[in-house]
Structures are given as structure tokens and as C-alpha cells.
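Two complexes follow with chain A in common, the first pairing it with chain B and the second with chain C.
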Partner chain A sequence: MTLTDTRTGTPAESVAAPAGQRPAGGPAAVWARLWALRSGRAALVAVGLLVLVALTAPWLAALEGQDPNSFHDTLLNSASGGSPNGAFGGIGAQHWLGVEPTTGRDLFARLVYGARVSLGVAVGATLGQLLLGLLVGLAAGLANRGRGGRWADALLSRVTDLALALPTFFFSIALLAVVPPSFPRPLLLGLILSGLGWAPIARIVRAETRVLREREYVAAAVLTGASTWRIARREILPGLVAPVATYTAIVLPQNMVAEAGLSFLGLGVRPPTSSWGQMLSTATTWFQVDPTYVLVPALTLLVCVLTFAGLGEALRVAFDPKAPVPTRTRRIRIRRKAAKAAGAAQAPARPVGATTTAPEAGHPAVATAVPSQKGEAR
Partner chain B sequence: MIRFLLRRLLGAAAVLLALAALTYLLFYAMPGDPAQLACGKSCTSDQLAQVRHALGTDQPLARQFWTFLTTLVLGHGFSTGPSTVWCSAPCLGYSYQSNEPVTQMLVERLPVDVSLALGSAALWLLIGVGTGLFAALRPGRWRDRVTNTVVLTLGSTPVFVMALLLLMGACVWLQVLPFPNYVPLTDDPAQWAQNLLLPWLAIALVSAAGYTRLTRAGVLETLNQDHIRTLRAYGYPERRIVLRHAVRGALPTVVTVAAMDIGMVLAGAVFTETMFGLPGLGKLAVESASTVDLPVVCGITLLAGALIVVANTAADLLHAALDPRVRI
Partner chain C sequence: MLRPARIALFTAASVALTGSLAACGAGSGSSAGGSSDAFSAANCQGGTLRVLDSAKNSKGFDPAVLYTSGGGAIPRLLFRTLTTRQSVPGVDGTKVVPDLATDTGKPSENATVWTYHLKAGLKFADGTPITSADVKYGVERSFSPQLAGGPPYLRDWLVGGADYQGPYGSGNTDLASIATPDASTIVFHLRKSEGDFPYLAAETQFAPVPKAKDTGKEYNADPVSSGPYTIAGFTKGRELDLVRNPYWSRSTDQQRLACPDRIDVSLGLSPAVINQRLSSSVGQDANAITTDTSLDAPTLARVSADPALKKRVVTGKFPQIYYLAFNLKKAPFDNQLVREALSYAVDRTALVNAEGGTQLAVPSTTFTPESLTAAHQDYDDFPAGATGNPEKAKQLLAQAGHPNGITVPLAYDTDDTSTGAPAATALQQAFAKAGITLQLQPLSDADFSGTVNTPATQPALTLTSWGADWPSGGPFLTPIFDGRQIVTGGGNFNLAQYNDPAVNAQIDKINQITDYAAAQKQWAALDAQLGKLALTVPLYEEATSVLTGSHVKNAYLDQWRGWYDIATVSVK
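Up next is the complex of A and B:
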């Protein structure tokens, strides 16, 4: 029962045919291509900045001279129910982004500390999803060689289908409600998100593995008597880098939004730990009086998600050997070629979404996988 | 066709059963006392014993699951101290916190989600297909690129951020709309639409991106086919070719994805409902999760799963009906 295969009109396996194409030159070449793309460079720099902010949060707060948890009653206007004094939520030299209503805690400090939670949970959840998805997908993709293998593949694939059909968001709400509050919340969030979100990756990995398995170099490895584990690691895994890396860049911002969303609902990170979702949820009661308080976390989250979306798009182009990427030496000629290709009606050279039904546009596996990925909770 | 239909329906039934088992296992077979959880924090030992008896937690696990399934199909009586409340046919359990059968609570909330799903679906189809066509008419040119960028930005926006920005924009800065307050359709259709306009917009703007891409890709793919070449050779105006003939290529995928998305919203638009204060399933889920009202959470999860599975199956069937190549 493959719920999702029919959507593109073709089974995932057959569309993913030209799998394992890697741009010549390995990782270094991919980095070069990524850097050569203007959007890729911008996204890389922005992601680097975000990581830097998260890592150096205490020093950044110290630089401002504030910390995320001390109250500043003197900065609040008790007559208006505790909204900050001064324009734009109390922005000034002391408090760079203003202070929080009713408590007077420093917003900049809370924001940079919140980046740790957001990024930490998102990266952790994504790594968990990758690990589970790779394990299940590789096992299912390589299984049906042996005698019992076909059953193992069928079982793993059905489990994946079931996981795809789960109402993920409701499950995470329910699980967060059941687990006792003493369990560390960021860890729990990471576990829940990865435990519920590995299925799309497993599907991609299985489809790609089945294609790669038929390659001559894998057959050669089998002939030399290499173990299945060695084949998975040395022969298959390198071919999976492109589709999995591209998909990871799609999943990571989704996990970030999921964490922010659950904290927004009051089910995620507990106070006094600050998180962007939590800031947004308290901000909802203040948006009439103190719009700055809403806009600071909202725009931060938005910019982060957009950055990752841009990175995913750039990664997809960088991994696609057919996509036009300007190179330093032949920039002008290739740019002209790119313009020509973009003008052609067939297979637009750089479609913004990977959600096309034309298999030649974008990486084949991701192109088939994205329509089957579940919509985010609304 | 009959075989295809049967296979799909059987598959859906299997997934639903597995879903029920999983939900049950997660919430009733967890370590800890489910009776205590179901009963809530302020629960006397007398009530606790009743709940424990009603849940049958002293029975073996397989038997408990069987009771859970028969309760779902046949209904079950729940004793609440002096009286017994009969929970009829599709019984999802009994909430000891609000003293109501779960099914009844869910059915009361469903109209909100139906209103949300249908209204926003109409809007996102309009926006998505419209912008997709707009982009496909001149692929690669500036308006294609601008549309793509705008749509990608909107599509990446978390829905609660979108809702918050819409609320601030429309209700605080421009003051064109009052703060939404749900009015049932049967009470006052005009008020209903006015109050739901912002929630519809929030969902539609976030969801439209996928439809833009699907439409654009489908149209561009169809434009390469022979029958379009023939039409062009006959001298049909390009606009008419796109709007009349190329659109059909995108239709099956758009309808299929729309069916699934409608299922997702029907199952509860958690953020939109929380943000705009709409009393739907999503809001109920969050409220019950924060008060640890386990039967309700479990019931909503199961209903949401069922709605999504049903929507996926409907999408598959629709796709098969619209695209004859899928049927094999």
C-alpha cells in the first residue's frame, strides 16, 4: 500500500533512475559550486552567522551588558499593565531590542539564547531523522537480496508508509502531554520530532539504494566478497549524499518551525528557558500595545526559515550536474547559457521549487519525494 | 478499476487499524497509571477506582485493546458515580474532566474545521493556480521569477507568524476588520465569512505556494506535448492554449494534493485556531494536551489520523479517476 506513489503518476523507483550522479570532483567541487551561486553564498554566510550567534550567546549578551533572566521593573509602565517605557518597546543603548512587557527581561539576550534552543533542537531532530531514515531505508533497499530479505523489505516499507500516514503533529502534542515534565524538554522535542519524521528520508534512501544496487561497481564489490555492511558504507552511501543533503536542507527549517510551533503552543521548551516560539506566544497578548515585541521573534524566525529554504535551493542546484553554475573562469559564457536555458519552456533551469513532475528538472529523487512530504501543521 | 478500488480501500483500512493500535499503545499502555492521567489531577480515590474499572486496566493488554475496538464500533457505558452515561456507536471514550463522551466533544467542534477547510481551500486554489498560470505564461521572464520568489517566501512562512502579521496588519494598523470571533454559518452567513476571512487568508497564503509550483510545472510539461504543438500550428492564441488546454495537464496533481491538504486542515488547524481563537479540533487538542485530558487527546489523534487516511485515499481515487494512466 503505497499511499504516495500514485501522486506523480509513476512509482518513485522508476523516476529516480539516474541516481548517484555526482558532480565530478567530489565534495570540494560541490562546495565550489555552492559558493559560486550568489544565493548559495548568501545562505551559507547567513547560516554561519546564525550558528555563530547560537554558540556565542553568553558573550553576545555580556557584550550588551545584559542577561536573559533578570527582571527590570523600572523600565516598565505600571499604569498600562506593564508595557515597556519608551518608543519601540524600549529599544535603546542599554537594551538593543527592547525589553519584555510585564517582566522587563532583555529581548536581545533572550533572542540570542533562544537561537540555541531553536538551532539545537532543529539540528538534533534532523540528525535523528537522518540516522533513522538512513538505517531503515538502507536496510529495506538492500534487504531483498537474500531469502528472508523480501519480507524484511516489505515489512520496513509498510512501517514507513504507516509513519507517513501518521498525524505527526497531533502525535507530538499528545506525546508532549504524556511524558512527565521532569524529562528535559529540548531533548524530548528532538526525540519526538526525529521519531515521527524519519519516514520521508527512509523512502528516498530506499528508492535510491535500489537503483544504486544495480550499478556495475556495486556488482564488482559483491564479487570481491564484500559484506553487506561494507557495500552499504563504501558503495551505496556516497551515492546517497546528494539527495539526502538536499532533503536535509528542506527538513531542517521544518524542524525549526515545529519546535517554535510547539513552544508557541506552550508544549515545548519550559520557562525560564527562552525560545522564539515561546516569545511569540507571550507576544500574542501584547501585539496591540507593543508591536516590537511581536516583530522581533517573528521576523527572526522568518529570516532563519527563508535562509534555510534558500540554502536548500542552492544545494539542489550545486548537486545537480546539469544545472548551470557560474564558474570563475568562464563566468560570462556560462551566464549567457544559463539565461538561454531559463528562457526555454522545457525544464526550467532553476525552478524555485523541487516540486515538479518533470523528472529532468532538479534532482530526480528529491523531485519525487517533495510532493509526498507531509504538509506542515496549520 | 474495481480491483484498484478494493486494493486502495483495503490498504486504507489496514493503515487505520494499525493507527488505532499505535495510538492505543502509546497512550494507554504507557508506564504510569492511565487511570490517574485520564481522571486528571484533582481526582478522588473513589473516582480513580471507578475510572480504573471503566478503563479495565487490570485486564491483559490484548484484551484491553479488543475492548477499545469494540467500544469504538458498538458503544460502551461509562459509570460516573451515581449514573451511567451511554456513549454510542463511534465511541472514542469518555472525558472524566469535562464529563462528556469524547465523540460528542469532537462532533461539536467539527463545523469550525469544515468552515476553515472549505473556505481556505477555495482561496488557496484560486491564489495558487492563478499565480502558477501567471508564471507559466512567460517562463523564465521577470514575472515568473518574481512570482517564484514571492511564493517561496510566503510558503516558507510559519503559519502562526503569518496569522500574527495578518492580525496586526488588518486589526491593529489598518483597522479594516474586527478581531475574529467565530460565528456559526447557520447563525449569520455574512458574519461567518467576515470573521473567518483572516484565518482563511492565513492558511491560504501559506499553502498556495505548493499549488503555484504544481500548476506551473504541470502547464510547462503539457506545453511540450504534441497536441499543443498541433494547436499552435493551427494558430490558436497562446493565452487560450494555456488557459484551456495546458491547464488540464496540471489538474490531476493539483486536485490530488488539494484533497490531502483539505484532510489536514479538517483534522484540525492547530495554529490558526489557537491564534484566532476559533473553537475547533486543533484548539481542543492543545487545551486537552495542556490539561492532560488523555481520552480527548487520544480521540483527536485517532480522528485526525482517520481523516488524513481517508483524504489520502480520496486523493488516490480522484487521481485515478482524472488520470487513466494511474489505474494499473
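Up next is the complex of A and C:
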């Protein structure tokens, strides 16, 4: 990242963007530290699995030999409220997680197809929030450089406050209710969630931008006459990666829960499409008769939200925003931390001296990434 | 940031509530419910009956405003009407019998003039005698715009009813088409033949109201009772306490057993709470029933698994058909072959399961359901079998010029748990097998009636239901198939927009028949005749299952309303 900057940039820029100022090192270093964390590794693997499940839903269902929308009358006890035949909601070799009461639709197929909607809406909404939040936050944070800029900052900040003050959930309900049913629901859900949820990101970005723009390298860029857009993109944005990435991982599960909540209220996806929230909403009344039906989507949602929350926490540690300027001593501290994290899995009480040998612990990236950064910086 | 979980809990309750409200008013054939001790009408008096209801009854009990079928449940304890439904289990429960009147009414030659004589010795709860003028005044009040809410028939049937504005205010305060030649005689003059008039006379609009005690809009909180009970305390939306009316005479009332000394009604309870309290039957809940909360599929599944609970489940049917309505003014349903194709493709087993299984729904191939026994004639012109005949449907579609199938929108009411998403999804998957792609068009309750019941905006295909205000083929078929009932401004129920002068004349002819059985036979024949045109696809009729407390006796679902006849329930 830093290399690219200096190579392709103008001379002015290469002065303005000393790579060493980047708070947490290159992406490779972050990845390495994330991987070094046990929780980070687990979260990454789990997220990867979830995405894989969502992407391969049709093949997974085909593997089971089912599809999410076929009814199976013969699997239901019609005289007993349409509850599934057999123990645990009809779990068996044909239907791995049982079938849905009153329809006999396969729960495994609905679950994996539901992952597409639930993850898709959550990721889409988060990206939308990110985009809006970054735009508004950067604009507000950089605005009062100019003459009328203070007004622009005040205006954008008040708009952000307003968006923060909106009761998001009730607003979503109201909006979802008025949009004509022909509009694609997952897209609508994504739009509404991102349109109502960008404000916290904008606030964080504005605050961080105001801090970053006082830095010498930014001042240097300003002196060389770089445009505001260029400063935002080349100087400020890289510095925002750590807080924003961390916050994103926190917002994503919230969006997932929001989609589930709205689908639960019947405002989410339209039948016969399944999402985890939709599954949960139809399942709740059955919890005494067919607990499997409730537990399947509930546990999935729980695991998913925990995973992303764990990823958020791990990212925070990996970026270590407390060490923005890697001086010699600080760098050692970083390496020590990373190594400690890396070593935690094998030997928690590793002596300090051993940190320099972190590569031996099986994570060469940690050791190599940091010196290379130093080479660039000084 | 968001707290959907908490909101979700609230919604679960309200969704269930809607379900039970929709179910309220269903029912028919019945088994005796309640405890194992034998019930004896002679020895049933005493005790306090508890009623656990989810409805709030916040509008109170004004006989002019109530919209009941056959007098309703609790209103029937307070108001006697000219006629009433017969309080017996089974098909005889659909019969109309005299109540205040000595008979069910003497019609003129062409059934346009109906004469009633009141029994002797009838009294209000304040001791004043009930006269024909009180009955006339009660009917007149229901025309008042400030007391709107009752059924629309009186305005349509009575001479001068269309313009009459009720007894309040200046101007003409008297409806001339209701005559009271003496204190015990009342005569109704109708503008057309209506053989079903005695059935209408069972509704609360025909309850006597003493003019001196009328408080207009305030009357709903403390109406003057003519029935076996009177209101001792009423907190709108919370509770209603009924005690005996000392002036009610058992000798003039053959229908209401009026067993309990007191009836305590709790209002606005959650359906889940009601069913939980009834199933555990702890303490006073053993003497409890409900007048509006039936078992949903999950609760039914739980109760069915417990033999002790299962004994306390009472089932019945309200004559109501769930059906697919074609709009004949819109392609492709102007073509009968396409309508027949859909009739063949329908999978009634999946629909019944979606509704909650065989205890909550029964498939029906006829528009007039089997539970409307007298007006029912079996036919199955387009046999779909239990799970549909997609091959035959495809063949018909090809004949109609759609060899590659068709794509049609299906409008349904999202707030109706019965005809809502589960049924629509079941139809969608069955039709897909026949090359018919249903695009689901969910509408909220308010939008649904606005869109579907206005011919200009009515979609090509609608999933909806129809029930009768009283057990007769007349109110069941007329609004659906009478071409003169197409209302362009909204509130139209002739969704096929079918207008055949020959059929209209046939309807007029049947309305002139005053013999119930003969008229019903004609209605049944008309239904079978219309069935051949595939104007609708009848799907299923709903059944009701209700729990009773363990000490409750003689609880059965009457076949008129498909609900408890609360006037015959005993806790002794």
C-alpha cells in the first residue's frame, strides 16, 4: 500500500505521505496479527464458512436432495395441527434439520438459502452505511478549512445528529409499510437500513478526520496545493481504516438482527423466500410443540452475530489504534503484543526476549511486516 | 441501536390476536364439552361462570351498533329479539325460533309484509313492560348515523329505509314502514320479497329499547336489559360483570338456560394467556370459557398430544368458504378454460395443512360449504383430487392458448392469518407444477378491502373468504353472484363482476319463498349451476377448536355461529 503510494504518486505526494505515519502498518501486518489472535482466527474461519454456505446454497440443498420451496404433505401429521411426523421436527437422512410445520418444507434448504438473504442484506446495508457515513463524516471533518466550511460542518453534523435521533426501528417499519410490494424486498431492506444507520459511522469518521488533518503530513499535502478530494482520499482515508473496519464488524451483526427483526414483523422478505428472521417469526408459536423448528434459525442467528462481534473485537486488537506512530520502542511493543497474541495459543507465559523470535511461532508475517514498514518510514 | 427482540415479542402477541379475532365467529357441529358429569337442564343453576376474552369490547353493548350473527354470544344474554337461534347442538342449531314474538313471523303472500305478536308478560330489567313500540324504537335507532355499525340489510329492505336518518333530531323521526297497531303487534313493510326476514329479526337491532332510557351514544355502557342478565359493572376494555335480571321470566324464554348466577368477563387478554389458563384450569379458571379465542395450530398440536386436555376441546364450523376469486373483466380469466385450469391445479391438502391441519380446515369443492347444510349440494365439476391435477391443468391452459403457462398476480390479505401468506404460498407451489406462476401481491388489511372491493382497482386473482350473516343460501350467494350488487364505488363483493339477468331473476324468485327448506334447496341448486362456470375456486372451510375449563358443562358450538352458546353453559 505504502509502496504503491510513493511509486505512483507525484513528488509532492511522496513527501506528504510518509508511509510510517500509517497507524497500524500495512494490510498484511493486520491480517497477520488478526490471524495470530485465536479469536480472530476463529472468527475469520467462521465468517468464511458462513459466506461459503450462502454462496453454495443451491449446491448444499442439492447435496441434501431438497429445495427450499417444495411442500411435503406426507411428512406432516395433519390431524395434529400440521406438526411434523417423527422426533425433533422430522430430522432424518432426507431432511437434515427436519421440516417446517404446516408446509413440510425442508428446514436445511431454507436455512442455507436464508443465509443469502440474511447475510446479503446485512452486508449490503453495512456497505451502504459505510459509504454514506464516510462521505458525510469526511465532508464534515474537512469542511471548515474553507470560508463557508464551518457552516457546512455544522449543517452536516446537525443532520447526523438528526439521523442519530431517529428511532430507527420504527422508522424502518413505517418506510417498509409504504413502499409498494412490487419493489424487491432485500434491496429495500438494505436501502432502508443503510439510509437510517449511517450516522454513527459519520460521527466517528468526522472526529477521526479532525484529528488526522492536524498531522504534519496532511499539512504538508495542503501546502503543496493538493485538492481536498485528494487529501481526503490519499491522506485521511488510510488513517480511518482501523476505526472504521472495527466499527463495521460491530454494525454488521446489528444489521443482521435488524433484518431478522423486520422480517419477524412480516416486513422483511416476501414468501416464499426464506430468511433467518422470517424463519424465526413463523417458528416462535411452535416452541412448545416443535422446539427444533425454533432452535435451528435461533442458534444460527446467535452463532452468526457472535462471529461478527468476535471479528470486530479481534480487528480492534489487530489494528491496535493506540500505536499510531511506530517509533523504535513502540514498534517493539507492537511486536511484543502481536507475538504475545500469537504465542498465546502455544505458551501464554513466553518471556519478553522471545518476542523477537515470533516467526518461529509459525507467524513469519508478523516479524517481516513490521521491519519492512520501518524501512519505508525512515 | 435497534432492539428488535423486544418489539418482536409484542408482535407475536398481536399476530396471534389477529388470528383469534379472525377465527371468532366460526363454527358448527359439535361435541359436548366440559366435565365428565352429566348435564341436566333442570339442575344446572348457580355458580359463577368466567369468560376469558381477547376482544376488548371497547365499543360496549348498544344493540343498534352491534354486528352479530343470530344475536351474538354476550349480547344474547342482555338482549332478547323478535326471533332467535335455536339453542341446540347440531344442525338444528341453524333454525330460527321465536323469542319475544309468539312465532317467527307471519309473511304476506309475497313475503314483503311481516307481522309479529309479542308474548305476554315481557319486562325490561327495570320492571317496565316491553311493548311493540320499544321494538320499533330499537330498529329505528339503528338507522341513526351516530349509531352506525350494524348489518346493512334493514336499510336495504325496509320501505323508506334508504333515506331514513333515525329517531333523533328534528324532521321525520318515525319510520312509517314499521307499524305498531297495538302494544303487542308490530308489522314490517319491505320494498321487496325477503323470505329470510325471520333470520334478520334475530339480530340485536330487533331488541327492544325503552325510549325514556335512551341516552344515544352513551347507551352502550349501560343498556336496559331484556335478557336473563343485566350489567352490574363494566369497565370498557377490561371487565364486564353480569348478574341476574330479576324481571326476566324463564317461562317466556325457551332458548336461554341461564344457568350461572353471575358471569364475570375478563376482556383484552392475550390469546396465549387465555389458552394457557383454560388448559391448566387452576382454581376459578376451571369455571372458565372463552367466547372469541380458538386454538391455533401449535396449541392444537400440543393439546392433541395430551388425552386429558383433548377431552376438553370442542370443535365446530361456521359456514364460511375460503376461495379464489377471478376477475372476469381481466385477462386471462375472461377465458373459462383458464379458470378451469386453476380449478384443476389447486392442492387442497397443502392448503388445509397450511391452515393448521384437518382439525382447523376441511377441503371444499363447493362454494356453499358443507356446514351450511340446508343450502349445500355436493358437486366437483373440475376434480383436482386431494393434491391437484397439474397435467389436466396444463392441457387446459394449452387449449386456451397458453402452452407455456401463465403468470398472474395473486392478491391476499397479509393481516388475515387464514387467507394470508401460508395459504398464498401453498397455492403458489401447487400452481407452479401446472406452469402457473403466481406473483404474490400482499396487501395490508386496509389496502385489501380498498383495492379488492373496488372494481376499478380489483386484481385479476384474489384469495379471500365469505361467510353468511345467517345460515341461509341467500346472504351467502347474493352478494357474490347477483349482477345488481356490483358496487363500482367500493364495497363490492361480486368479485367475478358477473352479471347474468337470468341469474338475477332466479335470485328474486327464491327470495319470495318463505318456506326455509324449499328456499335452501333452490339456493343449493343455484350454487351448483353457478359452479359449472368456474367463477371461483372454492378451497376450504375453516373449523374451530376451543378449550373449556374443566368444570364447564353443556358447552357446545352452535351451528349458526360456530361458537359457544354462552346462554346454555353451566358451571354447576
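Descriptive notes on the structure:
FYI, the second predicted complex is superposed on the first by the 295 of 378 C-alpha atoms of A that agree within 3 Å, B and C clash if a C-alpha of one lies under 4 Å from a C-alpha of the other, contacts with A are read in each partner's own complex, and residues count from 1 in each chain.
Quick note on the criterion: contacts are C-beta pairs under 8 Å (C-beta built on N, C-alpha and C of every residue); 3 or more make two chains touch, one makes a residue touch a chain.
These figures come from a predicted structure and were not determined experimentally.
Look at A:Ala177: by the touch rule set out above, it reaches both chain B and chain C.
Touch counts on chain A: comparing chain C and chain B, the chain ahead is B.
In the superposition on chain A, A:Pro58 makes contact with neither chain B nor chain C.
Judged by the touch definition given at the top, the superposed model places A:Thr103 against chain C, while chain B stays out of reach.
In the superposed pair of complexes, A:Gly261 makes contact with chain B and with chain C alike. Of the two partner chains, chain B is the only one touched by A:Leu302; chain C is not. In the overlay built on the shared chain, the residue A:Gly149 is in contact with neither chain B nor chain C.
In the superposed model, A:Phe169 makes contact with both chain B and chain C. With both structures placed on the common chain, the touch criterion links A:Phe71 to chain C but leaves chain B unconnected. By the touch criterion defined above, A:Thr285 lies against chain C but remains apart from chain B after alignment on the C-alpha atoms of chain A. According to the touch criterion, the shared surface of chain A, contacted by chain B in one complex and chain C in the other, consists of residues 169, 177, 257, 260-261, 264-266, 284, 288.
Chain C contributes residues 1-5, 7-8, 11-12, 15-16, 296-302, 304-305, 347, 349-350, 352-360, 387, 414, 421-422, 424-426, 428-430, 440-444 to its touches with chain A in the complex. Residue ranges of chain B in contact with chain A, taken from their complex: 7-8, 10-12, 14-15, 18-19, 22, 26-27, 30, 32, 37, 139-141, 148-149, 151-153, 156-161, 164-165, 167-168, 172, 203, 206-207, 209-210, 213-214, 216-218, 220-221, 223-224, 252-253, 256-257, 260-261, 264-265, 267-272, 274-275, 285-286, 288-290, 292, 294, 297-298, 300-301, 304-305, 308-309, 312-313, 315-316, 319-320, 323, 325-326. Touching chain C in their complex are the following residues of chain A: 69-71, 73, 76-83, 101-104, 168-169, 177, 181-182, 197, 200, 254, 257-258, 260-262, 264-266, 270-272, 281, 284-286, 288-290. The touching residues of chain A, counted against chain B in their complex, run 1, 3-4, 6-9, 161-162, 165-167, 169-171, 173-178, 180, 253, 257, 260-261, 264-267, 280, 283-284, 287-288, 291, 294, 298, 301-302, 305-306, 309, 313, 342-349, 351-353, 355-358, 361, 371, 374-378.
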